[in-house]
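Before any comments, here is the structure.
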Amino acid sequence: MSLNPDQRAILAGVTVATITTVLLKKGIRNTFLRGPMPFAEGQPRLVGEAFTLRFVPVREDLATPQSWSSPVSTRHAIEAMPHGVVAVADAMGVADAAIFGDLLVARMKARGVAGLVTDGTMRDAAGVAEVDFPIWCAGIAAPPSIAGLTFVGWQEPIACGGVAIFPGDVIVADGDGAAVIPAALVGHVIEVSPEQERLEGWLMEEVKRGAALPGLYPPDAETKARYDAWKAGKG
Amino acid sequence: MSLNPDQRAILAGVTVATITTVLLKKGIRNTFLRGPMPFAEGQPRLVGEAFTLRFVPVREDLATPQSWSSPVSTRHAIEAMPHGVVAVADAMGVADAAIFGDLLVARMKARGVAGLVTDGTMRDAAGVAEVDFPIWCAGIAAPPSIAGLTFVGWQEPIACGGVAIFPGDVIVADGDGAAVIPAALVGHVIEVSPEQERLEGWLMEEVKRGAALPGLYPPDAETKARYDAWKAGKG
Amino acid sequence: MSLNPDQRAILAGVTVATITTVLLKKGIRNTFLRGPMPFAEGQPRLVGEAFTLRFVPVREDLATPQSWSSPVSTRHAIEAMPHGVVAVADAMGVADAAIFGDLLVARMKARGVAGLVTDGTMRDAAGVAEVDFPIWCAGIAAPPSIAGLTFVGWQEPIACGGVAIFPGDVIVADGDGAAVIPAALVGHVIEVSPEQERLEGWLMEEVKRGAALPGLYPPDAETKARYDAWKAGKG
Amino acid sequence: MSLNPDQRAILAGVTVATITTVLLKKGIRNTFLRGPMPFAEGQPRLVGEAFTLRFVPVREDLATPQSWSSPVSTRHAIEAMPHGVVAVADAMGVADAAIFGDLLVARMKARGVAGLVTDGTMRDAAGVAEVDFPIWCAGIAAPPSIAGLTFVGWQEPIACGGVAIFPGDVIVADGDGAAVIPAALVGHVIEVSPEQERLEGWLMEEVKRGAALPGLYPPDAETKARYDAWKAGKG
Amino acid sequence: MSLNPDQRAILAGVTVATITTVLLKKGIRNTFLRGPMPFAEGQPRLVGEAFTLRFVPVREDLATPQSWSSPVSTRHAIEAMPHGVVAVADAMGVADAAIFGDLLVARMKARGVAGLVTDGTMRDAAGVAEVDFPIWCAGIAAPPSIAGLTFVGWQEPIACGGVAIFPGDVIVADGDGAAVIPAALVGHVIEVSPEQERLEGWLMEEVKRGAALPGLYPPDAETKARYDAWKAGKG
Amino acid sequence: MSLNPDQRAILAGVTVATITTVLLKKGIRNTFLRGPMPFAEGQPRLVGEAFTLRFVPVREDLATPQSWSSPVSTRHAIEAMPHGVVAVADAMGVADAAIFGDLLVARMKARGVAGLVTDGTMRDAAGVAEVDFPIWCAGIAAPPSIAGLTFVGWQEPIACGGVAIFPGDVIVADGDGAAVIPAALVGHVIEVSPEQERLEGWLMEEVKRGAALPGLYPPDAETKARYDAWKAGKG
């Protein structure tokens, strides 16, 4: 789905922790990508539609330096990325061959891609850091992708970090990692998450004041009444 | 590629061990599927063109009993399988949800599919055994596929057991497990493998006669001469 | 919960595959124990209430031969097992120390325990085989439990093979492995499973007759009507 | 056991490295928790009696948002923690569901808990960092505990990071990670560790002066004599 | 060490389970090799001095078909094996390249090697089965060793299945797997194991008669007295 | 091989990413050590001949504090290290026992060792940081080596992080991790790598100017011509 600026702004104000909780309450438990964590400290929260990339394992006749010039290559995939998407790469968790280095990351940034999320790794870590592009990845490795991976296409359904991602799903990422919001549930998440964030902010103040947890979190009827009164008083 | 009966017959007389050695000598080292082993003892050697199936991880909004009736379902994939192919399913090595049970396996057999190879698992093991269909899989598990997997399509490039497989590659399997022959190398494998098998048969006789290994295996010039003489004598 | 003989008989006629499907349709996806598989070929289906055993990792000051004489020992736990229960042992998947050997298994059999399920391993495999007791385990290892485990108690909530099991849950096991039926859902499973088994039996006959899968499995309205007619005709 | 202030002070001056060495010399090799590492840089050394928490895997009928209000919940467990203890949580190494976020950590801090050690993960990492509470954990993940875990109780024997921990054992943690001191060995550790630290400090000066390792570390008779002379000179 | 026929005979009458228990009581807990299990059903118990083989990972410039003719090759290692030894191969647990096939196994048999133990895999499984040679391995794989391994030498200290093995240690293997007896402890194991086996045989009879476990196993004073009386009666 | 100062200087100006690519183009894919990453931020690039160290798993009769005084000990190995080498330790990836602490690291520094690379872990992390010695390791753990490892020798072929390393190979390490250059290929790497670095530097400028990737990277004929012109213009 295509997010409008208001939707982006709301999601940018919600933590991934809250989003996974909201989705779990709808019965969707498997939304958190295992592996991708922030490449650099202090990266801004990432929100955008998923643009998927797919790798399969290395096969020495196909995963060659020549393959980088093929029409089915990461190079062409990057040129196909629209402005504002989040590139999500299924590297099958391969930890000893990197999907991208500084050159490709720099080109993604130049094209206005919002960020990159992968269960694989990055190379040229020093160069990538200089590019200053938001990346959630599963580590760093020196070898090029073709040492372990064969690129096979983009905008297909993928697995990433043990989670299914379809083109059009929405990806969010922050210091807790990355999660997918299924396209059909984006509206619901946008509707209920901000209130959940507000409640948790108030609860933290209560805890700081010395409140005990039972009855407070989750709130029982009495707590809810106090919270509603606080909200009314603020309104 | 489409194998003709002669090609099938030759490949059916060659072990997977020999095929992986022949491919390694051409620089193709990653051809052996990690995980799939014979479901039943004494299964005949399996040879055929790969017909690929692809799963991604479970997502509870999509991996539902209703999805089994979808046009993108394993049911429709099976109906699309031509006679004589080897179905190869990328289950990402998921060990706690089974891709198929006895009903689907029985239908594959009815359609003339040559066999099934997967890095996933089978359920209804007793029922599957009764169907008597050649299967190489990575184990047995009771839960249905949708407990851990979402089916997304067929005849796409896949990963299976850490190996890349493309529609049109050839799959071979025996008691040592399963391997892929890249389409472009099938001719080469067919050309050199039978001679390799003959040589190894002769070498085993030499070992049984008490020959020491150095100089014998791999054969040095003197051994090669003796072998050639033996071949000439047989010819 | 305590199963009556009728309930036992019904569950003994249902496959673990069917039970996990029935529970999944109720939203309970995590019921299949990863690891435990039949110790011996041809073991009868196992059904019974869970009697839990719990181990933590080895600590050399506690996991000693002397500990086997302690009141908190596997020996006393076995003497506390009622007739007909299924002993379920949380060994944390430890593969290099065995929880039980032939002597303890023989005593469980003598006490009328229905069977043993564990994510750990057995030792004295030859002796255990002679005892002829139904066991689902994750392998075989020679060292005694105290080489890797410390026994801490029984009839507590446990993890076994990645699944939560509470005293009073029901355990079922067959050739596909073992699963838990949460106590509160045993009635539901007993109610709907036999019909599911009957339907699948009829579907297999249809497949053998050459029926294609779409519309058949899962059955569409037309298939359901034919099945209902068949049932009526049998009635 | 209950540590008195003198005991706490001594243990706070000893590294976890030294403690594991001292325990190994008593035959206790399995004391280091695999997984827990400092959540924040520069956390002070942690010392305290273990207060254990125990999780088992998720079961969707039990691990619900409603369970957070149950008497057997992490909320009630936290309210039961005495001042000065180290909370130690057995999360079975689950990496994709977090046991605690900022609210619960803030409450532990308010209650005077000394710190938290777990083989599981934390969520709301930014919020947790603001609370400024000493935590040793195995990573960060966004989903709530009930995405993967069911809480079952406190002050029971547990496994944490492959180590057995009993209520009353003492936990120590520093930049090298966390270890358990079995209750019965706390006195011994307190007795011999400070001398070991003093010796190692002197040895480091020797190495800096250019001493070779053989004969120095471990010290032979000549080295011991020199060390004793140094100690006497300092006395 | 070199076993004399009497020592061999005694060890051949003791289970690996008993041997690991005897060694554990001497403080040696890490003696059981993780991975190696019987290649064929019904293999006789294996006893012999360790003859070690060592592999490191593949390096494509060294692990070539040409390397098989090198003086540092498995071929030359086999020719160096004395009669009666147990070949123990450190394959680092590599599961997707096989250390040996039928030809090399046949030559080991011809040389009077007692058996083979490895944490790696075998290829040409059908051919190996025909050779009828006692093998404990960690599975089967089709590719040759050089697909994943480089052979570097023999009769060096090795790791095998997570256990240290030195030339001269003794290896024992049965249906429970394989273990090492450190050379210095072989005498002790031979001294105490047969009595332990006799005791366990008597205990099994007691269990069959309906004896409860506490007090019986391990035996308390009363049980020991009864056992001693039984032994005296037999004597 | 022994690097001369010019060779060292050239290699010190090349990234590990580039080196692994250059080796891959020669068919050597397995050169990147899985596990070792920089111990401290901002460590200078490391280059030097490999001096290997080898551990096998713990055996309690051998891995004792007394073993630290043995002639076959890490202490003696360190005293055998020539100036300028890179110590490379095969710890079999053991994560819960550390190979070295601050004392041994300080001695390596005093001896002029260039750095340490290991797939194992370090202890006394705070003390090691103070020594300020370049280390690539797989983590931190408190227990001493003998909690999990037995040291068996130096300057033998080893496995480290899944890669084969022979005495005389060259080790390079930077922020992307560590790799081996086989001795026979050091000349080739030195010959072609600097040009590759120069090309990539130019390519990055092109990307920053907005160039699209296809045709640029890898460069097609037109791009090569522009690059050659640029080089000529610089010359």
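The first chain written gets the first letter, and so on, giving A, B, C, D, E and F; residue counts start at 1 in each chain.
In the analysis below, contacts are C-beta pairs under 8 Å (C-beta built on N, C-alpha and C of every residue); 3 or more make two chains touch, one makes a residue touch a chain.
On a predicted model such as this, the values are computed, not experimentally measured, just so you know.
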Touching chain B and also chain D, the following chains: A, C
Touching chain E and also chain F, the following chains: none
Of all other chains, the one whose Cα centre sits farthest from chain D: B
Shared interface numbering between chain D and chain A [over half = same, under half = different]: different
Chain A and chain B: spacing of chain centres that average the CA atoms, whole Å: 36
Intercentroid distance (Cα basis), chain E paired with chain D, Å: 38
Approximate Å spacing (C-alpha centroids) for the pair chain C, chain E: 32
Multi-chain contact sites of chain C, meaning residues that touch two or more partners: 27, 29, 31, 58, 60, 162
Set of all touching chain pairs, with the criterion as stated earlier: A-B, A-D, A-F, B-C, B-E, C-D, C-E, D-F, E-F
Chain E to chain F touching residues, read off their complex: 27-31, 56-62, 92, 150, 152-153, 156-159, 162-165, 182, 184-185
Residue ranges of chain C in contact with chain B within the complex: 15-17, 19-21, 24-25, 29, 31-32, 34, 37, 162, 174-177, 179, 200, 203-204, 207-208, 210, 212-215, 217-218, 220
Of chain F, residues touching chain D in the complex: 58, 60, 65, 68-69, 73, 75-76, 78-79, 95-96, 98, 101-104, 106-107, 110, 123-127, 140-144, 146-147
